[in-house]
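Just so it is clear, A, B, C, D, E and F label the chains in written order, and each chain counts residues from 1 on its own.
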Amino acid sequence: MATCGLIEYDAASSEVKAVYDDIMAVRQTDYINNFWKALAHDPSTLRRTWESIKQIMAPGELNALTKEMIYLAVSATNQCPYCIASHTAAARKAGMTDGMLAEMMAIVGMANESNRLASGYQVEIDERFK
Amino acid sequence: MATCGLIEYDAASSEVKAVYDDIMAVRQTDYINNFWKALAHDPSTLRRTWESIKQIMAPGELNALTKEMIYLAVSATNQCPYCIASHTAAARKAGMTDGMLAEMMAIVGMANESNRLASGYQVEIDERFK
Amino acid sequence: MATCGLIEYDAASSEVKAVYDDIMAVRQTDYINNFWKALAHDPSTLRRTWESIKQIMAPGELNALTKEMIYLAVSATNQCPYCIASHTAAARKAGMTDGMLAEMMAIVGMANESNRLASGYQVEIDERFK
Amino acid sequence: MATCGLIEYDAASSEVKAVYDDIMAVRQTDYINNFWKALAHDPSTLRRTWESIKQIMAPGELNALTKEMIYLAVSATNQCPYCIASHTAAARKAGMTDGMLAEMMAIVGMANESNRLASGYQVEIDERFK
Amino acid sequence: MATCGLIEYDAASSEVKAVYDDIMAVRQTDYINNFWKALAHDPSTLRRTWESIKQIMAPGELNALTKEMIYLAVSATNQCPYCIASHTAAARKAGMTDGMLAEMMAIVGMANESNRLASGYQVEIDERFK
Amino acid sequence: MATCGLIEYDAASSEVKAVYDDIMAVRQTDYINNFWKALAHDPSTLRRTWESIKQIMAPGELNALTKEMIYLAVSATNQCPYCIASHTAAARKAGMTDGMLAEMMAIVGMANESNRLASGYQVEIDERFK
């Protein structure tokens, strides 16, 4: 269970409600993830984290789908069960097919393998990559 | 220095040369990265790793650029100096702009932060994400 | 379930009981965590680990509360569910308020983010920090 | 070398200069770390990261020294050479003695050990910690 | 629940069945782990991963038991619940006693500790180890 | 450079010299690694770490070579440059051939890959492995 419990919308302060409202508006949903409800015990972290994610995940040179897949690839590398579950859902909502998921996960596996091969064999960086 | 040293093309066995030749043909380059030269002391790992990477990084539902950026995002999460250096070069060759790099790295940073917030606060997975 | 099961006090050897007794005396409790009961199958690791933790966590230049929060910060970074749960309890017992938890977790998140930004962007160490 | 190079003060845009000025004012120094100069190629990440760190590291229920030591403990756990070097300097500036460093590092080592013992032995979380 | 669900033998395509058959033949069992059933949604990753593991885990200069214990040591370091559970079973089947498990886990804990002590104290590599 | 510098034998206190002497006697060498010289600023951590490693690495049900390879496999997974360099030397001294190194590293790579595939695909643990 979340360390400090989850704060539901009706029990939230006006400061927290404002963040919840913005999350629902930006994401076009009426659902607030447990992640936000758990952070709501610390309104400054809630607001800062949401503002950062909102800014970072907005489409730019990379589109929303690519961004969600990068987020999921990092979460799979860190093996965070919560973030894997929630960002798998988010990536699918953004258009990730099962085929894309499979290609992304194959890269995640391979990169985790080659990272250790390069480090374990103490490979020096090529001059041209410096 | 690489644990077992680097095997240059001219000093390579025919089995290793065959892999080097395929790498250069597929990547349209005449340069072999130190990573491969360090693996060449174990030809079976060299061949298996190259065959896997060749298959995984070939364009599919995801294009080559997206694939390289996911590879780089994982390497940055694992903080592997060799793979960050070499895959930054590879991603740029595949078309990554400084703006794309910046957007990708912002996601890498944010995901690494939120992974720990979710785990550290012991947030339970939402029923709808199970 | 723990790989080798949990060894309860009454079923423990005298060697294990001696460690359990010391844990309860030092921590002023009559409860033995599952962690110790799982280690008890290997009495030498049980004793060595307890002796190390007893020495390391004793107040020194840093007080007990600061020490527990550092332990929790590391466990959150490694995303170890068992240690997060047990050391959240331990830190609270040592006086950690919800406000302190929030400040500590914000640092954990931020450090995990900036560690990847520094590594991912290949930032060279400033001369003055060497 | 930093992926996109370092942006020195005199070569910086006014947006970047404003962040540099705030860093120097808040930290009461005339030195800008390479970390910020490397991020300056992406002014939005530079500003967001600085604003977050400024807010998070300001004294609250935890004092500045405790906060710096938690930051360093996380960086040591993640083995980020840049952040270990720069935050060792920052923690010392905030008052960390060699004795405090030794106590903190001993906890970092021990927590990294016990995290794996708990996970590797598949220890179930005690009911009272849920 | 596995992201894409589990594919049971009877519901598998002939391509997947061929891999399942080979797994059962090589491992002399009639049981297919959930890991393979989850990968089966991506037959190319299923086949590639199985072929790699079959090749890597076959006895060579290292025997099957040593190989399984190294696999388990890595999984405990990464704190992967699935792989810890399945490779504990595999290592036991290969002959790992509780005493061997205890010795291996003690090393895993110690190495995770000393890795952070070496990195956190910024110890330079001895000339003779370069 | 090591955070607190390296303490050479001649400059060491009698307490530190006693540990150095024991290291040289047990390892049958006249060389003290930088790791110990860096820890020597904190004699209690130096002694505790050495006593633990001496106990853990002594041959038991697993021989010295197997133990050194497990240590190296963990260090490669954590990508600790110091520990990879020093334990590669230690493992070779204990009898590790280039062929054994290659087999061990192949497992390290593969386990790091499959750990992420299992976690990323959210594979549930088989009933028989619980």
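Simple rule for what comes next: a contact is a pair of C-beta atoms (placed from the backbone, for glycine too) under 8 Å apart; a residue touches a chain by one contact, two chains touch by 3 or more.
Since the structure is predicted, the reported quantities are computational estimates derived from the model, not experimental observations.
Asks: Could you tell me which of D-F, D-E or A-C has an interface matching A-F, in the sense that over half of the contact pairs are shared by residue number?
Replies: Within D-F, D-E or A-C, the interface duplicating A-F belongs to D-E.
Asks: Sort out for me whether C-E or A-D is joined by the greater number of C-beta contact pairs.
Replies: Most contacts of the two pairs: C-E.
Asks: Using mean CA coordinates as chain centres, what's the gap between chain E and chain F in Å?
Replies: One centre to the other, that is 21 Å.
Asks: Centre to centre, by mean C-alpha position, how many angstrom separate chain A and chain E?
Replies: Here chain A and chain E have centroids separated by 27 Å.
Asks: Provide the list of chain A residues touching at least two other chains, using ranges where the numbers run on.
Replies: Chain A, residues with two or more chain partners: 1, 3-4, 44-45, 49, 52, 77-81, 85, 88, 105-106, 108-110, 112-117, 119-122, 130.
Asks: Which of the residues in chain B end up touching chain A in this complex?
Replies: Result: residues 1-4, 31, 33-35, 38-39, 45, 49, 52-53, 56-57, 60-62, 66-67, 69-71, 73-75, 77-78, 80-83, 85-86, 88-89, 97, 99-100, 103-104, 106-108, 110-126, 128-130 of chain B touch chain A.
Asks: Taking the complex as given, what residues does chain D use to touch chain F?
Replies: Counting only chain D, the residues touching chain F are 79, 88, 98, 101-102, 105-106, 109.
Asks: Sort out for me which residues of chain E touch chain D in the complex.
Replies: These residues of chain E touch chain D: 72, 76-77, 79, 81, 84-85, 88, 105, 108-110, 112-117, 119-122.
Asks: Applying the document's contact rule, which stretches of chain E touch chain A when the two form their complex?
Replies: Per the stated touch rule, the residues are 3-4, 41-42, 44-45, 49, 78-80.
Asks: Using the touch rule from the top, collect the residues of chain D that touch chain A in their complex.
Replies: So the residues of chain D in touch with chain A come to 1, 44, 48, 52, 55, 130.
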